[in-house]
Structures are given as structure tokens and as C-alpha cells.
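Chain naming follows the written order as A, B, C and D, and within any one chain the residues start at number 1.
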Amino acid sequence: MALELKGIIPPMITPLTANGDLDEKGLKKLIEHLIAGGVHGIFLLGTNGEAPSLSYALRKELITKACQYIEGRVPVLVGITDTSFSGSLDIAAHSKEAGADAVVVAPPYYLPISQAEMVDYLERLIPQLPLPTMMYNMPSCTKLHLSVETLKKAQELGAVGIKDSSGDMSYFYSLVEAFKETPEFSIIVGTEMFLPETILYGGHGAVAGGANFFPKLFVDLYNASKEANTEEIKKLREQVYYINNTIYRVGQYTSRITKGTKCALSVMDICEDHMAMPLQRFETKEREKVRHYLDQYNSLRV
Amino acid sequence: MALELKGIIPPMITPLTANGDLDEKGLKKLIEHLIAGGVHGIFLLGTNGEAPSLSYALRKELITKACQYIEGRVPVLVGITDTSFSGSLDIAAHSKEAGADAVVVAPPYYLPISQAEMVDYLERLIPQLPLPTMMYNMPSCTKLHLSVETLKKAQELGAVGIKDSSGDMSYFYSLVEAFKETPEFSIIVGTEMFLPETILYGGHGAVAGGANFFPKLFVDLYNASKEANTEEIKKLREQVYYINNTIYRVGQYTSRITKGTKCALSVMDICEDHMAMPLQRFETKEREKVRHYLDQYNSLRV
Amino acid sequence: MALELKGIIPPMITPLTANGDLDEKGLKKLIEHLIAGGVHGIFLLGTNGEAPSLSYALRKELITKACQYIEGRVPVLVGITDTSFSGSLDIAAHSKEAGADAVVVAPPYYLPISQAEMVDYLERLIPQLPLPTMMYNMPSCTKLHLSVETLKKAQELGAVGIKDSSGDMSYFYSLVEAFKETPEFSIIVGTEMFLPETILYGGHGAVAGGANFFPKLFVDLYNASKEANTEEIKKLREQVYYINNTIYRVGQYTSRITKGTKCALSVMDICEDHMAMPLQRFETKEREKVRHYLDQYNSLRV
Amino acid sequence: MALELKGIIPPMITPLTANGDLDEKGLKKLIEHLIAGGVHGIFLLGTNGEAPSLSYALRKELITKACQYIEGRVPVLVGITDTSFSGSLDIAAHSKEAGADAVVVAPPYYLPISQAEMVDYLERLIPQLPLPTMMYNMPSCTKLHLSVETLKKAQELGAVGIKDSSGDMSYFYSLVEAFKETPEFSIIVGTEMFLPETILYGGHGAVAGGANFFPKLFVDLYNASKEANTEEIKKLREQVYYINNTIYRVGQYTSRITKGTKCALSVMDICEDHMAMPLQRFETKEREKVRHYLDQYNSLRV
């Protein structure tokens, strides 16, 4: 049976304990929370998962445990991007063994590389990967905005889809146009606010960070979008906008999104909220704000 | 005796064989070439050294072998920057064991972090480092331009200097002003064209990539600058400008600088020029251009 | 009767003759073409209108003639942005006299200014303007991305709406949220591809450059969006995408959009396609491409 | 006798009264202050002169009066850049009539244009200019960093030099190399901190904004640099650094440099410090800081 990559696929955060180990109990609860919310897949070790900050050993432990707990109920995607080629292959091999369904590849991210260099890299990487490959566009972290031509080449090499987190809707429409003859090539978008447009106009799904804490909200919005239910979309998008404007605005700096997501899960008593270095979790003041926003959200929805 | 970080400290390229192993013979010849040229130190595993692209095993092998071959003739600095905290500590511990003299630290480079987050990170990292710490400013790769305040904090935590590769001369003058009361804090600049200004107006040295192939040129320019010998500076800077305008312009993309440096060393029969993935060495056409420029350079100097 | 700013409001190009004068005959035909296509307003002297490149005399002549030809059939908006304060006031006064309905204001665009400085400027400018004021966000040309706070202040000072050409859909959703209590504040978006989302989720209209040559296409897409007719939207957006991917890709550089728009109008025999300096119209080769794309567009639609 | 463009050429601020008129008395005093300080030329209507914010009438009045007061004692350069071609020609013609010595040309600054479009523009502009043409590179305001190739073309068309305010020292060295066969082509740099390097290594002079208030400091630094007097350079550069770190840091935003310059002149009782809109002069608090820094500077120098 072919792997179908569509719907809501949360970029799962990596639950950690105070001393930097995997919070196994939290991981289990988080996975049950996501699946109960109706998600269509789980993406491990993305940007929200703090993958580059984790040691290889910890990444492997997470993959093994997560696959065990998920037990094939939804497809598992694993980010394998690394600045070291052998490191990427190692994580890919481990993902296969652990029972994951696909690997996710972004450009190596220290040196700025060109599209041509990325294509060269994919020509050497993809044939060695033991699982279907999803491309990952994340220019704010990798410095390279994958061109449509690079993705076309990746598709020829076997890539089965693209997860775009650029926030660039013009690019999304270019992707839809470019891949309209091969609708099995999944176009998944990482910008929560644009989920309805994505689904209405040719996208397959969303990698929505907020689905870590509110999976059902995003699943409902996905369904409303599939049905082109404008009223329902408006109502649910207001709620997504609320998250954007509250939980994601607590604290400072780019990292506040991941910190806020972990903090919300901790307030909801799902898992711990420790961060991998170089980051640190929110302090009490920020935590109280997140708690307040979660309470308010719940009361608004009643 | 205190460690003195000054003069010409090449950011050594990492010689690799066709299958990605360390080119040991080339490494030995390269080190002799640098020391014969009069360099004042050697910096392993910087950007030019392709550190993030190398596996931990290969990085450690390089550190061990390089320290062995150098035998204490000049100070050895080792880049330990990594997106994983434990990875950085591991390389630092290995550097100490192998006999290196200092470690070099830049921001973890996947997620864009803030100055405040960098300071937090240094507060946790520097006390655990077993060797003197040099800071490394490389915003084009790490996304963070280390502020003077961050460096002041690093100094309080024990850092002994800064290597700046931003190419921003205004920043250099800010550094000179900021650290004028502590002249033992080394200010080392990574932009070859600005070496004379750096030395004349308060800097301690240069991490010049071109010193991989022409170490003596940069040592001579350093000495001329120390003596404020304007005529000699003009003459030697013309030669540096020549490199900039020829060898560094072969090929395309940012990576051409490192590729051209390795290619020049290969043409000079010092070491192999294979690159770590995702990059590939120059093809024959580019190689012939580099050869031509090297020949022309030699004939011009006669 | 209150001025209603909504629907399709083309940023009209300024038809010019070979020696830089106003192409009056072309202007007349263009205005009839727009009104026949069903547009809801006409915006003179925006970016597409090459306003800053025109002398004050020519700008005034255009305003006078356009208002004469339009004869009140649709509202006329006039861009008055200028680096000189008195220049802006002068054009505004002339617009009032000529019978225009509103003026459009963007930041003075030579020196990069801050939000606070923009607010200061608006506090001095808006009270002196003789017509309703529309704000204009065009950061790629003015260097300032008007913040929601700046727009709130502009609204307090009397501004009646915002035309956003940033292409930033997150910003659009912020605007909708920020002004939801005052739905009479018009939110008009300048990015053609996003017209449906704009209208579906709280926007009032579009300043679509392509409506210069295909006014009916954009009017139809606006109507389909008002009705949330997903199938019709998909079909019409394909046509908008076609323009994006053909006519707007002829030639090079940012200016190709305006050049292509004028060229299309010239091929369609509506007006001349000369550009104000520093730009020059397309040469024969580009013109033939535009002609080919127009032919293909017409045959596709049959 | 050929026009020689070299040495210290202050980008003169435009003294204005509270109601936006020319402060004639202040203008006269400022000109005497500059000439007494030993400057080698005066540049009217540059960025510091707030040219784009002034009406044509005011620009012309300034040119006429300034030329009158200067009386040929030093060369007068006039910025004619405008988004309107006829506006540029008009100011150029007036400059010639008033007795100015050269005009200064930057790219029209609203629409981002390409190097090729800039060359086209120069081909049409320079032949119509009645005075020698100096090019002006100011990418932060004009959006175009003039390439060496564009400048070579400008030189062929008759341009006699380049004033570079990019702050990019690598570019400066490219200019020196590119024009080394035609040393009569003036290379003038607008970054005060780099004045010594500029003069030592092939530049002809500096357009130093700080020379508005401390002309002699910059003239002395120019002379020390001509003589390669390293000790004197160090001492004087400390003073330039002091200005950078004090007067130029008062207030916020990019505009603080011009505001601080005008404020310093006002504190020194040379002219008024009103700004053209959209800007406003410093308030009392900032003014007191500038006064304090001026006092401190004077006491330090004793």
C-alpha cells in the first residue's frame, strides 16, 4: 500500500527532562494526545523537535520509542537533516529499523549552498535512503529557499513530497502549478494561518506546530477546508489567529514559538517543557501568561 | 607561560581523500608548508576546515594527527562549535587530550538565536571547557553577529579573544575601543584585505584563508603592518588583492573560496582537494584556471 | 454619501508618448477599457503609474484629464506620496480641484524612516489633506513596512483604509483582526494571486495591476470570491496564475511588471507603452513574447 | 584648469528655520566655519543635506546663496538626484548658472532598478549635464550598489569620480584596483572611520558628515593620512571614534546622524537645527546630551 502524506501532521516537540534526557512518560502521553485529536501523521525531529540540538543517541532513542508507542496507527516521518552526510544516513537507517514510514530532508545548514549544490547533494543522498523521502523547505534556518527546479529534480530522484515552511504563499501556488500533473506528490505547508488556502487550492496537508497542543482544532480546520465550508473556516481560523496572537507572542526571539508550544503542553500536564541547549524553557512569568491564554481559549470555545 | 594569540593563524583546510577519509600524507605536508611559511598558529575545524560537514570520528582523527605533526611548534586552536551541546564538549575534551592550545566557539547555527540566548549558552558552556576559549564571529554562517556586549560577557566568563569574520570594519573599530583596557584579549580578523588596518589600529592578528597556500605572503604583510611600512603594505596588498580577484573568483557560489583554496594546494602538490559533502571539488576547467593564476602569480613576483 | 472603497481598483499605468508627454488618446481608451470591464475604482499615480518619475506638471495633467474622462462613473484615488512635503500637499490640492475622491499616502521614500517618524509625519500631513486618505504599504519601494500600530494611528487621524502591497499574507490577517470593529476601514490588497483569500476572509478589494489589461478577469474573480464559489475561484485563479507566469516573466528586473503591463496594453492597441525615465519600454523581442502570451490566453479561454 | 576633487568635502547640512525656510544667516556662518576649518570642497544637497525632502524652489535658493557666499574659495558640488528626470536636469542647469563646479548623481530611488537600467539612464543623463559629473553610491537610500562595471561605463560617459557611502571597504579596494590606470578619477569615501585607510591606499578624499561641526579634525586626519603618520592617525581616529560613539548615538533611528549633526551646529551657535519633513529636530533631552558630548570633546582635546 502506498504511503499517503496528507492531512494534519504535527511537527512533534521532543519532551525532555531537566537533565536533558528523553521524558518518556511525557512522550507517551503526547503521542496519545495527538492521535486522540485525529492527526494524520507525526513528524519527528523537525525544527520544532529541536533535532539539531540533540545528540545522535538521543535522536535515535526518540525515534525508537516514538515508533513503539505509535504502533503504526499513523505514519511516522523523521527529519534526518544534518550537516554531516554520514550522520544523516545513520539516522535514516535507524528510522527504517525502528519502523518509521518516511524521512524528511532539508539542506545541510552551516555553509550557505546553492540550488545546484543542493541538487548534487540530493543525487548522492536520496539513492542511499532506505525510506520514502519528503523534502523540507525551511529557509530561515537552512539559508536556502528550495527552488521549484530543485524540487522537480528531487521528485525525479524519488522524493514523494515537500513540506514548505517558508510562509511564502506565492511559492505555494508555484508548487501547486508545478506539480499539478503528479497529484501524488504531497504539498504540505507549515504556516498555520494559511491552512485553509493550502487545502482549498491544491495542497495536501499542514505541518502545524499548534497541533501539538490543539490537534483537534487543526484537524477540524483541515476538514472544514476540504469541504470548502467558509463559515466554519472563518470560525476556526479565528481560533488559530488567537494562538498566534497570544501563546506564540509570549516571550521574545524566534525560539519563543517552540518554547511556548512546550510550555502549553506542560501546563496541560502532557509532558515536561525543558529545552535542549542552547535554549531554556520559559520562566514562571511567561508560564503564567501561557496558562492564562489557555484558560481564556477554553472559556471562549464553550 | 600564557598563550599568545596573535599574528597569522591560517584556518586550515581539512585534506580529504576521494572516499572522504583524512589525507594524512597531505595533512603532514600542509602543516610543514604552513610552519615553513612562518605562521604564528594553526586553526583547525573552522569554516574553511569544513568542520560541520565532518563526522565526529573524522574531526577527532584530524585533531589527533594535526597535534602530533605540529608537535608544539605553534599554538593549535580547534573549532568546537556544533548544534549539539554534548558534541561541542566532546570535541573540546578530545582537543585537550590531543594537546591543542585553545578552543574556538561560535553560536550553534541551526535556529537563529538572540544575543541573550547566546550569553545564556556561554554561561553554561565556557565553565565546562578544558582549554582557553576564543570566540568566533561568523554571522553569514551562524546568523548571529556577536555584539560587543556579548563578547564582554564572554570575556568575564574567561574567553581570551575574538576571531571576527564578519568583514565589518566598523565592528572591528568598536572591538578595539571596547577592549582597549585589556590588550591581552586578542582581536583577530578574518578578512584578508583588511589585514594592514587590523594590525595598524589595534588588532592582534589575522585568520587568513589564503595563508593555506601562501603563508609567507601573509606573514610578510603582517610584519610590514607591524612596522607601519606603507610602501611594503601597498605592494603586498596588491598580491592579496590578486588572490581575491583570481583564485577566489574561480567557480561560483560562496563555497568557491574553500574549493579554490583546496584546489590551489592540490595544484601545488601539497594535498588532495576533495571536499566533504555536500560540496564537490573543482572540475578540470576550474582547476586549470587556478593553475594559470598560480603560475601568473609566481611570474609576477619574480 | 460616504465613499466606499472596495472591489477591483486597478493601479492605472500612465500612458506616455515617445517624447514623455501624456498619451491623451491612450488615456481615454484605457479608462473606457477599465470601466467597461466593471472596475470599482481607479487608482492614479501609484507605483505602476510611475508617479515618482513624473514631473509635477505631468502628474497634474494626468489627474485633470483622468477625472474629466472618468466623469464620476467610479471613484478616483490619487497617489500623492512624495519626498517633499509641499509637493505632496500640492498634488493633493490639485486632486481635490480636479474632482478626485481620495488621496493615497505612503512613506516618503529616500531616507529610511521609523514607524514613530511616520506617525509624526502623518500627524502633520493628514489634517492638511482636502480629501479622504487611504494609506499605502509598499515596503519594497518605501523601505518601511507600516505596522498595525501606525495604521491604527492613521485611522485615528482620519485615514479610511489601507492598500497593502507587501505580499505578506500574515500581515493581511493581522489587519483583518486589528480592524474588525471598524469594517468601514477598507483593507485592499495589492497581490493578485491572493485576491480570493483577501475577499473571503475579511478584505474589501484588490489593487490588481493585471486589471489594467484584463479588468473583467479580476472583477469576475472578485465576484466569485464574494460568493465563495470555490470552483469558479480555482478556474479564474488559474488564469491569474497564467499572467504571473507569462506576461510578468517577460524581460528582467523588478520593472518588468510595469513594462509588461504597458506592453500588453499597447499590443491590445489601447495605449502607447513608453516608460518614464529611468526606464525604457520593451524591445521587439519582448513585445513579441507578450503578444504570443496574449494570443495564447485568448485561445485558452475560448 | 581642471577641477580637482580631493580632500575633505563635507556633505553640508541645509540650515532651516522653524517654518521650513532657508536659514540664510546660519548658512553664511556655516560656510565660513567650514572654510576656516580648511575643507577642500563643499557638497550641497546630499543625503545629509536632506535634498529629496526640499522643494525645488528651496533647493535652488540654497544653491544660489551657497555659491554666493563661498565665492569660489573651494569647489562646490551639488546633488541633483531626483526620481524625476526633468527635475534632475532643472537642478543641474540651475547649479551651472549659480556657479557650482560639479554635479553629483545617484540612482533615482523609488523603484529598485538594475545596473543595466542605471547604465541606460546615465547614457541619457550625463550628456545633458552642463557640469562635470560625480557619481554617488548610497545603496541604503537608493537600493542600488553601483557596480564597478556601471562606474566604468559612467567614466566613459564623462564622470570624473565616485563618492562611495556604502561603508563597504572591500568595494573601496575594488575601486582603487579598477581605476588605477586613471588616477584623475576621484575616489571619495563617505565613511568617517575609514578615512585613513582610504587616503593611505589609493583614495582621494572623504565626504565626512562630521566635518560639518569639526572640519579641522577631518582636515588634520586627512593630512596625517597623506603623510602616513601612524601615531597622529591613531590619535585623531580616536576623536572620530568619539563622535561616532557619542553624538551619532544620541536619539534613535537612521536619521539620528543628520539630526545630531544639525543639533551640534546649533549648540555651537552656527545655525538652526530644524529638519525638513518628515523629520523633526532633537528635543531638549537629546540636545542636552549633544551639548554634554561637545563639552567633553573640547575638554579632552585640551
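Quick notes on this one:
Convention: contacts are C-beta pairs under 8 Å (C-beta built on N, C-alpha and C of every residue); 3 or more make two chains touch, one makes a residue touch a chain.
No experiment lies behind these values; they were computed from the predicted model shown.
Shared contact partners of chain B and chain D are absent; no chain touches both.
When every chain is reduced to the mean of its CA atoms, the largest separation from chain A belongs to D.
Between chain A and chain C, the centres computed from C-alpha atoms are 38 Å apart.
Each chain gets a centre from the mean of its Cα atoms; for chain A and chain D, those two points are 51 Å apart. Taken as a contact graph, with one node per protein chain and an edge wherever two chains touch, the assembly forms a single closed ring in which every chain touches exactly two others. Two chains count as a pair here when they touch; such pairs are A-B, A-C, B-D, C-D.
Here chain B touches chain A in the complex through residues 47, 50, 52-55, 83-87, 107-114, 116-118, 120-121, 124, 140-141, 252-255, 276-280, going by the rule given at the top.
Interface of chain B with chain D (complex): residues 167, 169-170, 173, 177, 191, 193-194, 196-197, 200-201, 228, 230, 233-234, 237, 241, 245.
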